[in-house]
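You will see chain A twice below: alongside chain B first, and alongside chain C after that.
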Partner chain A sequence: MTLAVFFGCTFIAFGPALGLFVFTIARDPLRIIILIAGAFFWLVSLLLSSLIWFIAVKASDPRDEPLQKGLLIFGVMFSVLLQEAFRFLYYKLLRKAIEGLVALSEDGCSPISIQQMAYVAGVGFGLMSGAFSMINLLADTLGPGTVGIHGDSQLYFLTSAFMTMVLIFLHTFWGILFFHGCEHRRWWEITAVVVMHLAVSGSTFCNPLYVGSLVPSYLLMATAAAWAYLLSGGSAQNLWRFLLCLRSGPSPQPGS
Partner chain B sequence: HHLFSLGQGVMASSRPALLLVPFAVTVFSSISGDTGVIHVVEKEEDLNWVLADGPHPPYMILLDGNLFNRRVMLQLKGTSRVSGLAVAIAKPSPPQGFSPGLKCPNDGFGVYSKDYGPQFAHCNNTVWNPLGSGLSYEDFDFPIFLLEDANETQVIKQCYQDHNVPRDGSGPEYPLCAMQLFSHMHAVTSTVTCMRRSSLQSTFSINPEVIDLLSQYSIPLSACAFLTPPVHALQIDSHSFFWNIAPGAESAVSSFVTHLAAAEALHKASDVHLLQRNIMFTFFQGETFDYIGSSRMVYDMEKDKFPLRLDNIHSFVEMNQVALRNASVLWMHTDPVSRLNKSVEVQVRILLDILSNSSVGANVTLQEAGYSQPLPPSSFQRFLRARHIPGVVLTDHRTAFQNRYYQSMYDTPENIQMQYPEGLSPEETLEYVTDTAKSLAEVATVVARALYRLAGGANNTSAIQADPKTVSRMLYGFLIKMNNSWFQSIIKPDIKGILGDVPQHYVAVSSPVNTTYLVQYVLANLTGTVVNLTKEECLNPEKTPSSEKELYEYAWVQGSLEPNSTARVPYCVRSTVRLSKALSPAFELRQWGSTEYSTWTESRWKEIRARIFLVASKELEIITLVVGIAILIFSLLTTYFINAKADVLFSIPRDPGAVAY
Partner chain C sequence: MITFMNNSDSEEEACNERTSLMSAESPPVPSYQDGLQASEAGEAQARRKRRTGSNRSPNNIADGEMSDSGVPVRESALENEEEELTLKYGAKHVIMLFVPVTLCMIVVVATIKSVRFYTEKNGQLIYTPFSEDTTSVGQRLLNSVLNTIIMISVIVVMTVFLVLLYKYRCYKFIHGWLILSSLMLLFLFTYIYLGEVLKTYNVAMDYPTLFLVIWNFGAVGMICIHWKGPLQLQQAYLIMISALMALVFIKYLPEWSAWVILGAISIYDLMAVLCPKGPLRMLVETAQERNEPIFPALIYSSAMMWTVGMAKPDTAARGLSQQTWDAAEDGRENHRSPSHADSQMSETRSPVPTRPITSLEELEEEERGVKLGLGDFIFYSVLVGKAAATASGDWNTTLACFVAILIGLCLTLLLLAVFKKALPALPISITFGLVFYFSTDNLVRPFMDTLASHQLYI
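Now for the complex of A and B:
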């Protein structure tokens, strides 16, 4: 569908993530390392879950449609659980890393907090997940055609881009929630993350009824965003003051 | 999700660019393929949509085969609203006939010119191919593909019906069904330009060659050249508008199959090796393209590079297009201009009489075409240019061709009325003797007997008979299925890969082509002898003292399958069949602009394929881009401000252990 759609979908899917990266992660090499390692962890979890699914598919009868659909659902759910498991493993790894960083530092304080690590790890997970969702589609958008010759919806590229964007955000917020839950031994937060992830992934089975997948995902993203904001030290008051500040003219102060 | 439907290899072929000085005969796409909205044209009125009314140019036309004629094509040639063409082959063949060749084939390269028989030059006297539209020699700047599979055509038509049909007079809505054709040709303009560019490139070893010279191997069959042999010759190649689709049933196959049958019949005569003169059976390749094969042989003969010299040729008998005889008449054409010479006239008269006498008792009536007629397009014309050899060209037509599908994709077995009963297995079909085969066998018998007499044979010729079974097998193999048990048994083991494809007889570039190999091996099988040599001795005959390597060719062939097993019984065949390279003398002499010899070249190309898909409206694409840019800018701004005001947004949490943002 030519370059216009290629760039349009790329910006929709990865624009916000680019903003996050450029302004909050790119300056600090430690954060970049955590980002990339997080992406790698997500990749390994995908590799393992796809291996399981692949074996299941090969071992079954390819002509049995309901079975294949069932296997797909099973594969998606299994993958979600595995991703969250790897998030936990990454949390463990980063905990150990903090001890190392404290030992190395001059003033006995780690240069980066676990909350910041949680945020960066979430972005890492999200970026890699988005890349795997979107790159193949973007390659196809470069050709002259669009989806639809077998009756599928024309809006496929657009909706996939929006889905990818919401998934990147969700992974970011889930990272914060998950690590907070692990840190403070609040298991119900971890369970909530897993349940939300299952819900979002499950909703994609409503496609091509895109309303059924995009709307719940965006609602869940808003919820997760609010929750993560509150856990990170925000409050309604701060938000109000921020918006007032903006309206009376922004005077940028050195940020974090 | 499926984006597009890829056409499989069944979507037959496009036109390669054939270049002839000084113009190009090309049909090529741009380097990234040509895309267009599909429009199905089944009657002439549909063309108006493409040419004027349609709101979404450029269009990719799916043309019904019956409309693939000169008038329609010239309308399409001039416009920029057409980005490509796919022709659905007409089944059955168009009843009015179809020939994309010239009205006067190989004009200017035969013997008649303003210096020799000007009243016969340029078909002034007789138009040989009146149905010829000359389409094969027109230049188109968009790709043209042929669709042979009706299922593929139906898929495209269905997509058109679903998305592209105009409703209520106004244009159809997006998304629309579109097709993309890839057939990028590397060479353009003319042979002269192309060869110059190519030789510059290969001199500096920058790029591989851009074009290839059309060449092949011709097969002269000759034991030795000391006496004066009659030469029996014809062409074995064909052409249609499209690359690699050249069935050539009537134009080429019928005659070379008859020729092979005549060779077999003669070989079986008991005293053939005692004849006064030798008979050389020759098969020329590339005759469709201004007599590549025969002009090369004449050139080699003149330059003494061929075992035979022109002076030594006693007479020339040629067969062209003999399958569509009307009331069993076979016409004998001669050159009236050379017959003005007394001695030549005498020889020709003898030749004609021998031929007529040979037809007694056979279901073939030989009639003379007469003094008022020139020779039809034939390889013999090239020999006449060099020497006034007495010769005859045998055809089934007196004036215009009987073949209404000359040099087209419709010159198929149906065109020569080859019919098989239903329900036969491939083996049974191979062995079944059709009426066409019987009729061609009759012609072969007459020719064989005449050749026997011409070579000085004195005995009764009633024993010389062509075998209709062999003719039938050859017709089946060369026209319907090359991969049959007979062909498999007579070829060398290492080239059995050539027996794969649908038979076609385009001269092509990489030589030898399948047809040349097969004719060579069939000829060796029919006229050679089986000798009792081992595989080692057969493959290295120079080591055996009595092999007479200079006279004979030895081939180790696969042999037929043993009953109830997959092993074959190979054996050694000794024959006098040889290949001689048929590259136009123009390329030897490096005269790219020659008007004396053929200068046809073929462009190289990268890939030929096609696919169909839907295209979206420009509005949707732009909206997507704008939304994307908006989101990008918005998110960059928001993130910047959040980051800048982070201390406002995130207050220090109560537990002192953790560090704030």
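Now for the complex of A and C:
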């Protein structure tokens, strides 16, 4: 494994997220704080779910393979549910924060809206999730070794990088969907997010049959992206005007 | 300690209980730094650092960022605008602290992961005389606790010594101490560091070049820190010396002792800053009585210092920070001779907002800065560096500790805005850091390793 693999996988996995961070989050200190707090909430949820899994594993027979596999499946599902629960808790916290920000501002509006917070929180969750999945792998790519020498898939690093990227995007969109559902009391949106998350995590059980995990994940990401875009006020017309570099207004001007 | 100081004129109306610790008219009082951190390696570092005087800024703690939590609501409408300003600057202050802390940690983690020298066991400091090479767990635990007790006592003695020196106005002694400390840190430790880095990458360097590089680095550092220099260069130097100090601690502290010392330092910091008879608190009160800036400890200042139209030049605070830095350095350097070790390092732990001394009518927009003691930088970096060095090659643990420390810092700044008095910067961050280190290393790592081996994603 070489530096090419390292840099390639790093940029596949984290490139889009880095772009999102640099262009939308890095300028505003409030957003950076929300991002890091989101990462912290994801971390705490992971901690609790690892604790449960660890206790279950220690209490069971380590030689019983199907049981261990079952415990792992249980661990994954429980972790997903706990992540969504912590997303809800984070929503509650940010709601209170907005009230505080509004109370403190001169003109009665908060410097950041709940939709922006939803986006940043989603990126925070996604970045931390991606980092925890990918960083150890990236450290290993710098060392010596041959991928798949014992018969495993040779595409391990590449597919991990792609999976990480899609997961970061998914968390971003889920953040927007989830917060929107909480704001407007649409429980079906929240359930849809949870079901999507369970589906994506469940599809990774097909690995190394990557077509069973990557393809559905990317399709779900496209769906979630479109849905989040529509919920954020986007429409096909907006997109068309953006692509044609038209300005919004009564008389569109070509190019700029 | 972290304090935000809001130097606007409107805040100087009266001394309420919030400003009781420091009167509005007093010259900038250095912020406390948690300083009581033990200077281990150099251990003798002066603990007294913590007093960072912010120029003339009463202890008004800006409300700070509180973006992710309910912001403390100010009662009076008069303060609303002030609060609004504070809030507007509050999030920026947090980021102004996040960036240097992150940079320091990155330098330490990068060095630990690449230069083998700092993870090799090459003896211990005299402040931790008990070895951890015993076979039984109980004996090892006992040894680490004894090491911690010795270290903390050294720090307490140093701090008290510093307070006494300050009380009896032995300024020259303190200045000399600080200068000696920074000399040793900037020249000797940098020379060792450079030597090890060159060894790791197998780069040859001749002695004349080495001499030139070290001389320039050290001389510019001394000038920047103790006299005048561009703010960013001074900040960079302070970050570098904090990283160097943290690396020395990581190398020379035995494993279990390091964790117990981190925990004990946080508790000590808490007590020294908040208890009425705590050394740091006494130091601040003495400075207030005398109406002079407290002897500066090593302090990282993020504020722009406006020299135009300043009522009081900020050089005092700067000088203070340099001195404290020196003291810390001295402390560190003289780890062989504990007799004159200062606990400077420890003192420089409280973050303190630096306020430029401009009055509002002289300068429309003042950059309100924030100060954090270098001891805080050092102990944060020690925690993250130890996590990087000992967590069985796991990067997740390092990342978790990093996020935990940043969140702790954020919460501390939030509390600062709520309570508006000097607060220790170590306890919350170090507690989070320790909790996350042990839980990530023991609970999360097996889970994530199992998931990675099956290529499962959560």
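In this text, the second predicted complex is superposed on the first by the 245 of 256 C-alpha atoms of A that agree within 3 Å, B and C clash if a C-alpha of one lies under 4 Å from a C-alpha of the other, contacts with A are read in each partner's own complex, and residues count from 1 in each chain.
What we mean here is this: contacts are C-beta pairs under 8 Å (C-beta built on N, C-alpha and C of every residue); 3 or more make two chains touch, one makes a residue touch a chain.
Since the model is a prediction, treat every value here as computed from it, not as a measurement.
By the touch criterion defined above, A:Asn238 lies against chain B but remains apart from chain C after alignment on the C-alpha atoms of chain A.
In the superposition on chain A, A:Leu93 makes contact with chain C only, not with chain B. Shared-chain residue A:Phe205: touches chain C; no touch with chain B.
Of the two partner chains placed around the shared chain by superposition, chain B and chain C are both touched by A:Tyr156. By the touch criterion stated above, A:Thr146 is placed in contact with chain B alone, chain C being left untouched.
In the superposition on chain A, A:Ser133 makes contact with chain C only, not with chain B.
In the superposition on chain A, contact is made by A:Gly75 with chain C only, not with chain B.
By the document's definition of touching, neither partner reaches A:Glu65: not chain B, not chain C. In the three-chain superposition model, chain A touches both chain B and chain C at residues 112, 156.
Those residues of chain A whose C-beta lies close enough to touch chain B in the complex are 1-2, 4-5, 7-12, 15-16, 18-20, 22-24, 109-110, 112-116, 140, 143-150, 152, 154, 156-158, 161, 165, 232-235, 238-239, 241-242, 245-246, 250, 252-253, 255-256. Within the complex, the chain A residues that touch chain C are 28-30, 32-34, 36-37, 39-40, 43, 46-47, 49-51, 53-54, 57, 72, 75-76, 79-80, 83, 93-94, 96-97, 99-101, 103-106, 111-112, 128-129, 131-133, 135-137, 139, 156, 159-160, 163-164, 167, 200-201, 204-205, 207-208. Within the complex, the chain B residues that touch chain A are 1-5, 35, 159, 175, 177-178, 180, 612-616, 620-629, 631-632, 635-636, 638-641, 643-653, 658-661. For chain C in complex with chain A, the touching residues are 63, 65-71, 73-74, 80-81, 83-84, 87-88, 91-92, 94-95, 98, 393-396, 399-400, 403-404, 406-407, 410, 436, 439-440, 442-444, 446-448, 450-452, 454-458.
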